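By written order: A, B, C and D. Residues from 1 in each chain.
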Amino acid sequence: MSELSRKTTLSYNQIAGQSVERLAALSDGVFAVAMTLLVLDLRAPAAEIVHSEQDLWRALVGLTPRLVMYFMSFMTLGIFWVGQQTQLNHVQRSSRSLTWIHLAFLLVVTIIPFSTALLAEYTQYRVALLVYWINILSLGLTLYWSWICALGSNLVKNEIPVHVSKAIKRRIGIAQSLYALGALLCFFNPYWSIALIFLVQLNYVIAPMFGRPRND
Amino acid sequence: MSELSRKTTLSYNQIAGQSVERLAALSDGVFAVAMTLLVLDLRAPAAEIVHSEQDLWRALVGLTPRLVMYFMSFMTLGIFWVGQQTQLNHVQRSSRSLTWIHLAFLLVVTIIPFSTALLAEYTQYRVALLVYWINILSLGLTLYWSWICALGSNLVKNEIPVHVSKAIKRRIGIAQSLYALGALLCFFNPYWSIALIFLVQLNYVIAPMFGRPRND
Amino acid sequence: MSELSRKTTLSYNQIAGQSVERLAALSDGVFAVAMTLLVLDLRAPAAEIVHSEQDLWRALVGLTPRLVMYFMSFMTLGIFWVGQQTQLNHVQRSSRSLTWIHLAFLLVVTIIPFSTALLAEYTQYRVALLVYWINILSLGLTLYWSWICALGSNLVKNEIPVHVSKAIKRRIGIAQSLYALGALLCFFNPYWSIALIFLVQLNYVIAPMFGRPRND
Amino acid sequence: MSELSRKTTLSYNQIAGQSVERLAALSDGVFAVAMTLLVLDLRAPAAEIVHSEQDLWRALVGLTPRLVMYFMSFMTLGIFWVGQQTQLNHVQRSSRSLTWIHLAFLLVVTIIPFSTALLAEYTQYRVALLVYWINILSLGLTLYWSWICALGSNLVKNEIPVHVSKAIKRRIGIAQSLYALGALLCFFNPYWSIALIFLVQLNYVIAPMFGRPRND
């Protein structure tokens, strides 16, 4: 690059992607669409196979595995939406680099409907489970990376105490270790993998509700 | 859980999911997508069956049942969007628990397009109607739960008078009783169920417009 | 309704649906999804009919009518988004009634992708054009109604001058008259209808750009 | 137009489309939906061709070209989202003209999922690549136009230094020259075109992360 264009780049860097509000708004939009698209995999049973109340009931019961996958992926999206929100609440302004790390995070979010559909269709295959796990792992990595970047570039609000930052990092580490453990189980049995990942997620969802006396 | 990880969890609890604004933005996104996805069930008639103005007219008239279901589900979404908005307007900040209850509410919202398509396809079956009713019931329960949680965790704005809180709770109670009554009718005739639920919703939509002199 | 429940209703009326910000956010979401869903009607040509650059070129040229319909509907959505924005910018708070009128407006917005697909498929049929026109008419009527309601319920900001309110109303009146004229032409020839409606919309889009010296 | 209606138009011009916030919210919505719709082209392999882990693995490897296209289009959307955000951050209020130029920009954004699907399907055809390039070119042109309009109509914040405005314009010029060069390569070989466009985009995404010492 010539001197001229390099100077332009630097200058553009200094003005581009500063708005945390717009980053949050785009993220809410992507999460909202991904959460709602997940349901497109739940389809009303075909009319040809339904001739009575019992047929319809049985067809709906047959949708249970897809429903379980749907719950699991909705929890995944919810967990990472809360995680990203928690970070962005502590960031005072964005930078072009931080914006792009969050865009990478959103890219991985948009792939969740695909890997969910894959796992719902091929629950018994290890490959499908590993794709799903890589998707969750990538969510964790990009989110961890974005926090490191925010800290390193002094984009975090001043008043944030050290232990908050540690909590954010340790949180991602522990959760990802449990997910990796779950993924490892697939070499034993893919269904056990799904069960463990499901339970880990459920724990993150429900646990805060039973610790209230101490944390409010 | 070890002492270490429990302390992390508590700490993370205290910083996670605090933003009412982002919760509202995510909710608006989910409702917007769900409302617009509903229309994907309305499709232009197939070109093979349309050879004249009369054919097209007849094909469009044949879409009426789907259009009625579409109106009904749009009203459902509208009613619960107004209900959630009313609650969140009185909440000053969120907590991780409250955020997750609202995410559960949004999960139920995203299922509306599925249960609508099911009922549009199998209007004459009680099972389809009961699924639809369980969906509406879950919307009411999660919304009621979120209000109880907001009150219990002192997340509600200070100036809110007692009768407002009572109005919010009683409102959900009365509406859900009427929906349950409508659902019960399906053991008699599913069409009567739909008619009653439709009328109850229409009442909630239209009634405020005729009480203006007294409430403004 | 018993005295008790009526009092609840009134009380709920006074607290429900007050937020202009959330109404605006929901509207932006619905418009954004509707605008993007329109493009789902543009599909890559089927691989079976494309064996050379010329085939692909010809297949793309064959998409032109759909592209024109797409532009037309995007303009429709844009015009009414600007129209609603202009109104809401002058509203200081919402009411339950005003919220529901805007939800009715959004319901009509979500039908645009359907009536667009219908008109793209059946361009030569008067019925398709009349459905499209009724859709545009309903957008105008609900938007007009919402302004009347906002004025009547004193929800409009105080400083708004009388001529602004007149401009908003007259604007809708003139535009809808031109659309109605366009729709009438369909009894002569549906293509002339589309051409006139397209030109009316283009005028509303492009005209402001050539009146700048005077309006800034 | 009569004197009367012309006066109305001017008056409506002065009040319509003023809100930068709503323009930003609509844009975030359109980008979020477009980004998430892209993934609908990634489908789980059909059950008929998958009978073992190896089959599934091979089917997923077969999705790689679509995945590459997906990354490329996500980067395109990200680059132009950052570009538009950077502009709007420096605009203090909108006008009806500026709003419509941004709506034209959003129209072009919604076409990206279509031109992506086209290029993924017909990677070896020059016509598909030229359509994709025209799409990117249109994004650049509308964004450049919107900045010219914002400057010309005095809608830009006062404190903005001259070199920022120059950086915004030069940035678009350089990027579009590189894209045009990439597009030209298609007369030699379409795959080289895609490779160059991909690299140019990757540069814009990754470059800011390695210039940090100087720009923070």
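As a working rule, contacts are C-beta pairs under 8 Å (C-beta built on N, C-alpha and C of every residue); 3 or more make two chains touch, one makes a residue touch a chain.
Since the model is a prediction, treat every value here as computed from it, not as a measurement.
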(message) Show me the overlap between the contact partners of chain C and those of chain D.
(response) A, B
(request) Look at both sides of the chain A and chain D contact and report whether the same residue positions are involved, with over half shared, or different ones. (result) different
(message) Using Cα averages as centroids, what's the distance between chain A and chain C in whole Å?
(response) 34
(request) List the centre-to-centre spacing of chain A and chain B in whole Å, with centres computed as mean CA coordinates. (result) 24
(request) Could you list the positions in chain C whose residues touch two or more of the other chains? (result) 25, 28-29, 32-33, 37
(request) Using the touch definition up top, name the residues of chain A that touch chain B in the complex. (result) 24-25, 28-29, 31-33, 35-40, 42-44, 47, 50, 53, 56-57, 60, 71, 74, 78, 81-83, 85-86, 88-90, 163-164, 167-168, 170-171, 174, 205-209, 211-212, 214-216
(request) Give every residue of chain D touching chain B within the complex, in rising order. (result) 29, 32-33
(request) Can you check the complex and tell me which residues of chain C touch chain B? (result) 5, 8-19, 22, 25-26, 28-30, 32-34, 37, 95-97, 99-100, 103, 106-107, 110-111, 113-114, 117-118, 121-122, 125-128, 131, 152-154
